[in-house]
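Below, each structure is written out as structure tokens.
In what comes next, subunit A is part of two complexes: it sits with subunit B in the first one and with subunit C in the second one.
Showing the complex of A and B:
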């Protein structure tokens, strides 16, 4: 029975971990390219869930069809927000600290605005997949999670292709590696930065829909938890490293879910933090991080 | 006399708004020549290159390329105008392959696959070692080889002018010799090179024309022949040493 529980936790962890890694990935490319700590990332994730909720209520759009719409919508918001706010932070003498403070303020503001407009009641996406569960021996996997896993795998695959096979993706990674050198090859770093923040928020929006599909309810102040998870993941994987985010997400997801099935839900985040502290202790730059990253 | 490719006329440049580092620099860069810029530390040599490339803004004075004012263009726009820059600091992308490093140099014509293939072949012909190591990560290469990657990436767009900031700093003597030979070869093939170098003797040997800067101002200028006598060089270096002691 314990082996079954362990396997159940492992499978849940891999599914959730891959979705969590999307949070880490988007936070990481934003930090890597802009040196901006997006403390409001969790709120944008929750806004993504609300966007799917209202697209469904008002236009009858299923969460699956809402995802590309939300990605484009949030990417455009991110693009605009870059020029209005983020550009100034990225140019400051200490972008990390400046962005931490400003984005923390934005996080509180967005939470309060969501509370004002959407009220504190928890909301759920209204959809059902048949069959609701799949059984593999004693292992039960909700169909929603498998579908979310498939979508996440597709998104991860497209992202990997973008980052490792396309010119803009390689340029984006080049900025993470050596920002000052990028201008010498004729790349418009500002345009690339705006694109990065757009992609980052696009990911946040889509991740919000995926999480709303998996977890039964969301509310205006759930964002902080996801921001926290995102930061644990990038500390585990290494700041500014896309592959690190993927591994960090999986590691955290598996640790969290195995703890849930073997111990208690309330202990899960604690174990996640313990894992983060252990990684900081033995490898301060994260599993994939490099010491030269400031 | 033909119009210079690049002309700086009374250029002032400041760091942080008020720390003036260039104070009225005049410079003419002629086509198909190596123009050397020498001077003691803090003379403003690297600042001149950064200003031409657009990493620093002209506070007053004029800067033109082919007779057209470029002082308001951003760095990436100047790259598109045909100015290439190899900075003194390491400018490779460590976790990209050598070929990906070179490909990023093709950014201005990234949608033209045929031109990219031709450009790669051209730099591989000039730097066979890069073809051999094209799949290797840049970080796995020696400092000298990484310098070749940076120079090759700058040449891949066939620029009108290439700005080289201390290209042989911290590089093994054997590779340094190859780099100086390459610079001379580039000019002989018709390219325009602006070279900033602490190695005065090598800089004089490889340049067609030289400018000496001191404290952000023009101190002297002339052809290689004007600078060729050892007595003059000794006097020049001796003056810099005194300058360091006095200041």
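Showing the complex of A and C:
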């Protein structure tokens, strides 16, 4: 029986881990290209969930159709925010710490605005899938998780194709590796940076919809939790490393879900943090990072 | 004319000139510290409402000690609230659960803060954003651990009520004493050899090591001092409000406000955090009263604008505008 439970935890962990890795992926693309630690990522994730909620309530759009709409919406917001906030950071003495502080301010602002407009009550998306659960032997998996998993796989696939097969994607990876060299070969780094911030926030919005499908209730307070999970994941995988985020996400998801089976939720978060701190001390550049501690 | 000559002081008079500047800076700091402490000491005689000046003192202590690590060593501890929370809990648990008198409990809170800072000292090996992220994670860990401790010791997620200790007057005067101690300790750290070493380490750790500064020890001194005072502040606040719970004691907003207040004044100078805490706590207080719901939004916007527009704060901008006066600023 325990073995079944553990297997259940493992499978849940892999599914959730893959979805979590989307948080890490977008954080990492943003950090890699812009050297900005997006403290407000969790708030954008929750905003994505609210966007899906209101698109459904007001326009009757199903969460699945809402995803591309939300991606475009958030990408545009990200594009604009780049020019309003992020670009100015480059002038600061210590851009990385300044980015952490500015995004911290943004996260507080967004959290307060959400609390003001959406109030503290938890909301949930209104949709049903038939059948609600699928059985594989003794393992029960909610259908929504499988659907979310499929969507995540598609998104990850598209991202991989974008990063490794298209010109802007390759340019983006090149900026992560060596910013000044990319400027030398005539790529407009500023345009690329704005695009990256847009894509990053677009991902955050879509991840919010996915998370709202899996964990039915969301509220303005949950943002900080997702930001922390994102931080754990990117530190595990290595700051600024797209593939590292995938591995970090899976590692964190499995650890979390297996601990949930053995103990409870708050212990699970503790174990996640302990894992992160251990990785930081024994392998500071992350499991996949090549870049040195700066 | 004289001051412009002072700017390019000849090597011969350099040393005595430096000593003179140093003395002026120390005297200025003593004047500032007395100017802060004495009115606050007299406040109970002048007004009924002690709450405002009590919290003003707490913020000045928090910002001054935060500056010791953020301004003088260049680390940005996003989990600074952890020390505050540990102090609040040490005080609350020792007083309520183990019956220790308040003064004893506060001393133990200070020791607990110092002990925790030593425990976390290895994180100083990390740099930049890594340090910030880990520090934040540690604050969350402390909150989780405290709320998971046995309920008959810490009161679980409900926290503890310390009604028997209620004595706002005494708390107030103890806080004035702690404030004076904090300003004195910060002055000592800034003006001593350690202070010079600290700034050298902040600006270039490798070069500092080459001229014979023990980088680790120097950082550790500032770190322990910067952790002890917030622990005492946590205890004082618990004593004043007679209540602690994990959410309030480890609230990340404490870190947020400390960062904002001290950056507004200007990190890296003694004057900056005091000025910033005084000015912004006043503004914050007004915003709280006028916009109870949206005050957090204003806090967030102030953080963003300040870092983008005045990253050096009031004192830093002043020093940039009047470079010749810069070296007299404590």
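We adopt the following convention: the second predicted complex is superposed on the first by the 288 of 294 C-alpha atoms of A that agree within 3 Å, B and C clash if a C-alpha of one lies under 4 Å from a C-alpha of the other, contacts with A are read in each partner's own complex, and residues count from 1 in each chain.
Quick note on the criterion: a contact is a pair of C-beta atoms (placed from the backbone, for glycine too) under 8 Å apart; a residue touches a chain by one contact, two chains touch by 3 or more.
Here the structure is a predicted model, which is why all the values come from computation and not from measurement.
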item	value
Subunit A residues touched by each partner, larger count belonging to subunit B or subunit C	C
First, second, both or neither for A:183, with subunit B first and subunit C second	first
Contacts of A:266 with subunit B and subunit C, given as first, second, both or neither	second
Subunit B versus subunit C as contact partner of A:107, first or second or both or neither	second
First (subunit B), second (subunit C), both or neither touched by A:287	neither
Contacts of A:170 with subunit B and subunit C, given as first, second, both or neither	first
Which of subunit B and subunit C A:80 touches, first, second, both or neither	neither
Subunit B residues within the subunit A interface of the complex	53, 55, 74-76, 79-80, 84-87, 89-96, 100, 103-105, 107-108, 110, 153-154, 157
In the complex with subunit B, residue positions of subunit A that touch it	167, 170-171, 173-174, 177-178, 180-181, 183-189
Residues of subunit A that touch subunit C when the two form their complex	37, 85, 88-89, 92-94, 96-98, 100-102, 104-113, 115-116, 224, 228, 231-232, 235, 239, 266-267, 269-270, 273-274, 276-277, 280-281, 284, 293-294
List of subunit C residues in touch with subunit A within their complex	76, 78, 122, 125-130, 132-134, 136-138, 140-141, 144-145, 147-148, 252-253, 256, 259, 263, 293-297, 299-304, 307-308, 311
